[in-house]
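After this come two complexes, each holding chain A, first together with chain B and then together with chain C.
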Partner chain A sequence: MAQVVEQMRHVCALGALQSVLAIERAVPILHAGPGCGQKLWDVLGLENGCQGSGYTGGHTVPSTNASEKEIIFGGTTRLREVVANSFKVLKADLFVVLTGCTSDIVGDDVAEVAKEFQEQGKPLVYAETGGFKGTNLYGHELVLNAIFEQYLPPAGGAIENGLVNIWSVVPFHDAFWTGNLHTIAGLLSRIGLKPNIIFGPGRGVNALNKVPQAQFNLLISPWVGLRNVKLLQEQYGTPFLHYPALPIGPTETGKFLRTVAQFAGIATEPVEQLIVESENDYYYYIERAADILLETRMMPRRFVTIADSFYALGVSRFLINDLGLLPETQFITDDAPVEYQKDIAAEFEEFIEGIKAPVVFTNDGGEVHEQIRRINFHSRPLIVGSSWERVLSKEINGYQLSVTLPVSDRMVLNRSYVGYDGAQRLIEDIYTVVLQDFQ
Partner chain B sequence: MSYLDNKEPPKREDRLQARIAYGGSICGLAKGKQGGCIADQERSFTQGSICLLLPGLAMLNSLPDSVVILHGAIGCGSCAHSQNANVRSGGNIRWGRVKDALWLSTALNESEVVNGGEPKLEAAIREAYRRYRPATIIVVAGCVPGIIGDDIDGVAARLQGEISAKILPVHCEGFKTKIWATAYDAVYHSLGRNLLDDPEEETRIIPDELEDLKEKHRLSRTVNLMNVSSMGRVDEQELERLLRSLGLSVNIFPVFSKPEEMYRVKYAALSISTCPTHDDYILKHLQEKYGVPYILQHMPIGIENTNHWLRDVAAFFHLEELAENIIAREVAELEEALAEFKPLFAGKKAFINAGEIRAFANAYLLTELGFEIVGIRSFHHDEFAEIEYEKLSKIAGQDYVVNIANAQPFEEANLLKKLKPDLFLGHWNGNATAAKLGIATHVIYNTGLNYIGYKGVYEMARRVYRQLKNPSFNRKACEYIRLPYHERWYEAEPFSHIKAQGGVNHA
Partner chain C sequence: MPINIQNLESPTRENRLGAITGYQGTIKDLVSKASGCALKNRERLFSQTSACSSGCAQGHLSGIRDAAIVSHAPIGCAADSIGSNVQNKWGNKVRNWENQNVKFICTNMTEEDTVFGAANKLREAIREAYRRYRPKAIFVTTSCTSAVIGEDINGVIDELRQEIPVPLAPVFCEGFRSKVWASGFDAAYHAILTWIVKPPEKKTNNVNMINFRGSAKDAITNIFARFDLKPVFIAPFSTIEELSRISESAATISICGTLGGYLGNGLEEHYGVPYVKSLQPHGIAGMDSWLRGLGKATGREEKVEEFIVEEKKRIAPELEEIRAQLHGKTAVVGMGPSFGHNYVRVLEELGLEVLWGATWHFDQQYDHGTCPESSLKLSSAEKDLPVSVCDQQNFEILNLLHKLKPDLYVSRHGGTSVWSTKMGIAAAMVADEYSAFGYQGLLDFGYRLIDTLANRSLAKNLAARIELPYSDWWLQQETFSLLEEAVI
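Let's look at the complex of A and B:
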């Protein structure tokens, strides 16, 4: 993490409360200061595609609202009381106690409190997510591992052939997570696999309970989630496929489908058929749009991404490999741990035509903007980032589209940027920015 | 000794005996029965509340030519994301340009929690100064420095000699108080300690007595209009209109006001608050230290409340007759305009949830519009609410429930299920529970909308009318969406989780 962080593009580990909320009928219980949940939800829920609070989010989330008393005398008594009453007041299938800075610094024995309820057979797990421990992406990994270790049954159950757990974008951190996960599931179904996703509508603990039965875990992510699939491998012996790039557009999606099919050991014919059909469909629309794209020459030629590693990699692959744009520096703002940075950077050397994109890892938006102001783009650039880039883009005369946190300038329901359809949405959105700019 | 001589302001639990957990009724709370005294209670079940950083940053982020450094973990103060929308639109409407709030985080990590975060804060202050050369650098402390013992005042003092930006320490450690309105005190405390000194003297080369007299006269007709971000520009404009009609000049303080001009607050003839929850701390200081008198009652929401507010100001300047003329004209015009809406409102039941004074002022407004109030929830209780309890108890058709709660939507859901109001007014982020029960809702605070003054009454009526005319969005939604509470909770007594400090529940 940078020494000083301007324009926050992620939050702290406690932000993983939103990952709990993404599991239907799962409720986080915060053992944290009085404002922590409100603040984290403010950006992850409200200022990121207007995702809102949902079933038990926002101010509905139980919280001990730790005060001086809990800091000085310890907060486990208070936590025990709030947890016990959460079961009495709220209807839910799973409760996840998440600690904030206050509890983790004073050293409350939360494990002990959780154990008391677990021994009563209550569906409750805990994770120590004090904000100083890392980002919400790291917190997301902590929470999933806590659920795997404390809630899922021990190894030994039957394996269901073709069942694949999908782990990818982080709920709420990615404003498009529901659409993206839905699209990935759809693609996998069409090649004969049975996708299992725990996040999003209609899934919940039923999907969670199926996690140990999967044939394999599919991680579509540059780095977030590696800890989770490794734990599942350890715990259940489930193998995993790590596919780093979010598949956007025909080139990457075709490669993605073939890689998955090969790993799953399924017949290639239906896969190739799906790819051909999808590419034909995609290019039907490209053929029609080409007249405007080719004649007006208004599509920006050069671009930067200022995004989490999912979108920086996924979007740049699509813009270079399929749309024919040229990359300037790509800024990765999700505080990707140093141990993964080399592998992530290597992915930015894997474009067609030998094109490479320089990568800068920093979560300090101020530094990013300083660097962008120094780039000579030759023409109006495309700035794919967050709403932090709105003012900057005006200043440097760029075209700006928010796709990564905070997406405060767009409403997102079930839009997806993944696969063939997702790439079409991205073209629509980028070119709409261009068209609206001069009209 | 003044509170402002200390590094930090006292918490409101101590200074004002402010309280956050109570269930009772409006007539019970009215003076003479309950008195102003509510026992210090807590809840055995709580949902997420709010901490000082929310109101604190809302004010601080708006200050031009300033950088806010949040000293804490990286998630601390992330409410600034939504407040940035207010900063962008607020800047645009005031100065015609969109600008982001400048806020940085020291993003404290595990090693700094162990070894102390002061060196990182020093580096952050230097970096903020290098990047922006601002007039002020505001250092806001979250919970972590409060627990590990970082001395933000010490850091500020150490670096002050090194840079020309004024460094302002602001204490917003969330765990220190349950009354987040203490944040207003925390911000005013720092502004009062650091930004009220006169600028270096500008002497006229050629003395001009006439100019000096004009200035003196102007100041004798200048009032401070306090705004801690609870009013958008549209509301400020409405109050400016009314104050100007009394022949007064208006100095708005402190949101969106330039740090180098803040000292002017000392030279006004009068400070006018729109809400004692916000301003009592600084107004008392301005009077004690600089002799600026103040008005600190009646939030100008609703017809009678606005009349009271305007009369108080006019009385100070001996302009009673002028005020009565203005009031007569404004109210007549307003009543005529409201006639269109009132038949729809007559007898409809309303429930309100908001900040202390705002909740009660809106109850008064809705009563004036013809609604029957069936319940009020306010974020906290202190002595300033007593006059509001009294005013409302006098116009209440029958007694109704008052719940003091810092958010806690579970109590609200319980009450709404029982009371079944036709209309719910909730604070920003506080309307979802009622909406999911199919009740028509309207947000009681949003800086883009007009709520204040006579215009606010009309705008509010117009918006509520529209909401009630077609409440299908909430009604349809409630057919499909469920609140997460157990049936047995709805059957329970709504305040059964409220208990005396360390004691047993009031079953």
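Let's look at the complex of A and C:
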């Protein structure tokens, strides 16, 4: 973690309130200052693909709005009151109490308050997510583990063959999470598995309740979520497959499908058939696009990603392995913990033709921009990052596309960048930027 | 209470202005109790996330063109810099200026820092801010965490004053201190008044125009030019050099009573710059009052009267048409107190019937010692308007809308209009502070409301298909049943 941070590309642990909101009819209750919910929602809800407040986000989120009184005299009385009335005022299937910095510093016994409600059979869990403890990605892991430990039933239930829990991109942090998760589920269904995802529309606690019954957990993520699948393995003995790269484009998606099929022990024929069909479809369009890709002036040859580890790895794999672009330094800005950095960096040496990409881990965007200004791209570069890069891109004459937080310059509904179709969307978006640049 | 620029911090609005966030009654009752400072705040048994001082302070200061912000906080407290960046770009577009990213650094406080303090990181961040941006001033904002652990921010800043050759201004805006987020504006303006503004060397024909993003800057420049006055737009999009000379201006005037009172009164008390204490310039009565206040403060009464007569005559026929179209429509208002109490009047000028005025807080008195002008004006009307005060508590607002079922919900501050739309009630959010500005603005706003009411398909379709998160139990309760009695 950088000492000081310019250009925020993640928020704090309490940002995990949005992971709760991603579970249908689950409601976070903040035991935090009056502005925490607003600031975090403003980034994750408004300035990142215009994702909005949904069923009960934004200024609907219950909060103790802790003041001087709660800091001096303790805040558990206030918390108890707000929780009790949350049950009466709001319709929800699950409540998750999340603490902010003030509560964690003064040491409110939130566990005790949560226990009182849990003992009454109320669907409530808590997590200590004081902002100073880490990023919202870390907070996401904390919240999921809290739900697994405090809400899910004990081990001993039946296992459903073929049922796979999918854990991947972080809701709201990834502006494209609904589309991405939907696409992954679709791919797995087509090879005969039964995907189970707790986030997004139509899932909710029903999907959550099925988590212990899965044959295995599939984690598609460079590092976020490892704590969760490890806990599920401990708690239920469920094995997990850790697939680090977000599969974008034919090369990675084919590899992904084969890896999953092998782990799941399913027949290879339907998998190979799906790959052939999907690649045929994909290359039908690429064949047509090739004229413009190859015969237009000013197409970018070299690229940088300035992104969370999901997109830095996923996008660079696609651009190198499938589209024939070359990498300059790739910047990973999600404050990936030091213990994972070696493994993540190793993934950037696994491209075709021995191509390697240097990787820098820093969440300080100012430092990233200083380094990029020193790169000689020998042509107009493609800059795949966030809306922070729009000013930089103009300065260094690049082509810029926002895909990672903050995506404040785009409206995102169900667009996905995953798989075969997602790769096509990414091509459309990148080359629309290029074509619109001079027209 | 005089504004003391020897103090490091500005007192909160609760302590300074008797501000409250919980009340239900009528405008006449509110104003009569406020006049004796007899209002007691009422707390709630349930609350939803509102907003805090740090957001207001940081958002406002980060609009200054050549200043940097160092936020001594965990990273979430600096999250609002993303929104500020977007807002600034919008303001640049209005001005045809090149975009630049916001100059904002966070010390990224961690768990270890809460135990051992993070003075070293703060020192590094201030140095980095100077190295990276070469700003003309650096504002250092506090957070709940830096305040609770008792970080000696002033000590660090004092040490660095020898080393860094631009003003270093602490801004005490930690969120837990005040339920009234506008206390953060005061914290920002206290820092400007204390560390940036210099004593006057001469007098100018400038008018300090306190506002947010300044979309009407051309219109204001043209109007002021008729009076041989020149606006200096404060604080977003100004420069430190401009701010340092605002003590030389002929007057200070504000788009918002809540926003401008601290700086306006501070400049008047310390440098003799008259502060225009008037209604807000929204709608006819507001613009009349605002311009007359400016005329009086700068000795230009006659020219102002000419302009007022001319403009009112110009808009009269069109206004009549608009009023005819909006006549009989009902509205509920939910805004900050100064905007809210002004907009009730604006809507009435447009021919609507206002059923309720909810404001996000209420100041019993302004820094110049009187009850807010817009509230006094509203309370002097024949009709006694039902009003309430809540810090943007949606559960209360939605319960109210459910019962009143107005044609229109007119709001300010993000995060409430979407909920009324989901109930099938058309909403108009006043995101731009210059909506309904003056005579022409009133017409433009009238057309906007006509359009909003002309096609309510989004509201109707949404309401038919989505489920509100509020229980039937709650929607059937008396709206203020979770508002506690005042503790005397």
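One rule holds in what follows: the second predicted complex is superposed on the first by the 437 of 439 C-alpha atoms of A that agree within 3 Å, B and C clash if a C-alpha of one lies under 4 Å from a C-alpha of the other, contacts with A are read in each partner's own complex, and residues count from 1 in each chain.
What we mean here is this: a contact is a pair of C-beta atoms (placed from the backbone, for glycine too) under 8 Å apart; a residue touches a chain by one contact, two chains touch by 3 or more.
Since this is a predicted model, take the numbers as computed values, not measurements.
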Three-chain arrangement built on chain A, chain B and chain C clash or fit: clash
Partner chain(s) touched by A:133 [first = chain B, second = chain C, both, neither]: both
Partner chain(s) touched by A:8 [first = chain B, second = chain C, both, neither]: both
Partner chain in contact with A:158 - chain B first, chain C second, else both or neither: neither
Contacts of A:101 with chain B and chain C, given as first, second, both or neither: both
Chain B versus chain C as contact partner of A:338, first or second or both or neither: neither
Touching partner for A:85 - first (chain B), second (chain C), both, neither: both
Partner chain in contact with A:55 - chain B first, chain C second, else both or neither: both
Residues on chain A lying within both footprints (that of chain B and that of chain C): 1-8, 10-15, 27, 30, 33-43, 46-47, 52-53, 55-56, 58-68, 70-71, 81-82, 85-86, 88-92, 100-102, 105-106, 130-136, 363, 366, 388, 390-391, 394, 406, 408
Residues of chain A defined as touching chain C within the complex: 1-8, 10-15, 27, 30, 32-43, 46-47, 52-53, 55-56, 58-68, 70-71, 81-82, 85-86, 88-92, 100-102, 105-106, 130-136, 363, 366, 387-388, 390-391, 394, 406, 408
Residue ranges of chain A touching chain B (in the complex, touch as defined): 1-8, 10-15, 27, 30, 33-43, 46-47, 52-53, 55-56, 58-68, 70-71, 81-82, 85-86, 88-92, 100-102, 105-106, 130-136, 363, 366, 370, 388, 390-391, 394, 406, 408
Parts of chain C lying in touch with chain A, wherever the complex brings them together: 45-55, 74-83, 85-86, 99-101, 104-111, 113-114, 121, 124-125, 128, 132, 143-145, 148-149, 175-179, 181, 391-392, 394-395, 414-416, 418-419, 466-467, 469-471, 473-474, 482
Residues on chain B engaged by chain A in the complex (per definition of touch): 44-54, 69, 72-82, 84-85, 88, 98-100, 102-110, 112-113, 120, 123-124, 127-128, 131, 142-144, 147-148, 174-178, 180, 406-410, 429-430, 432-433, 482, 484-486, 488-489, 497
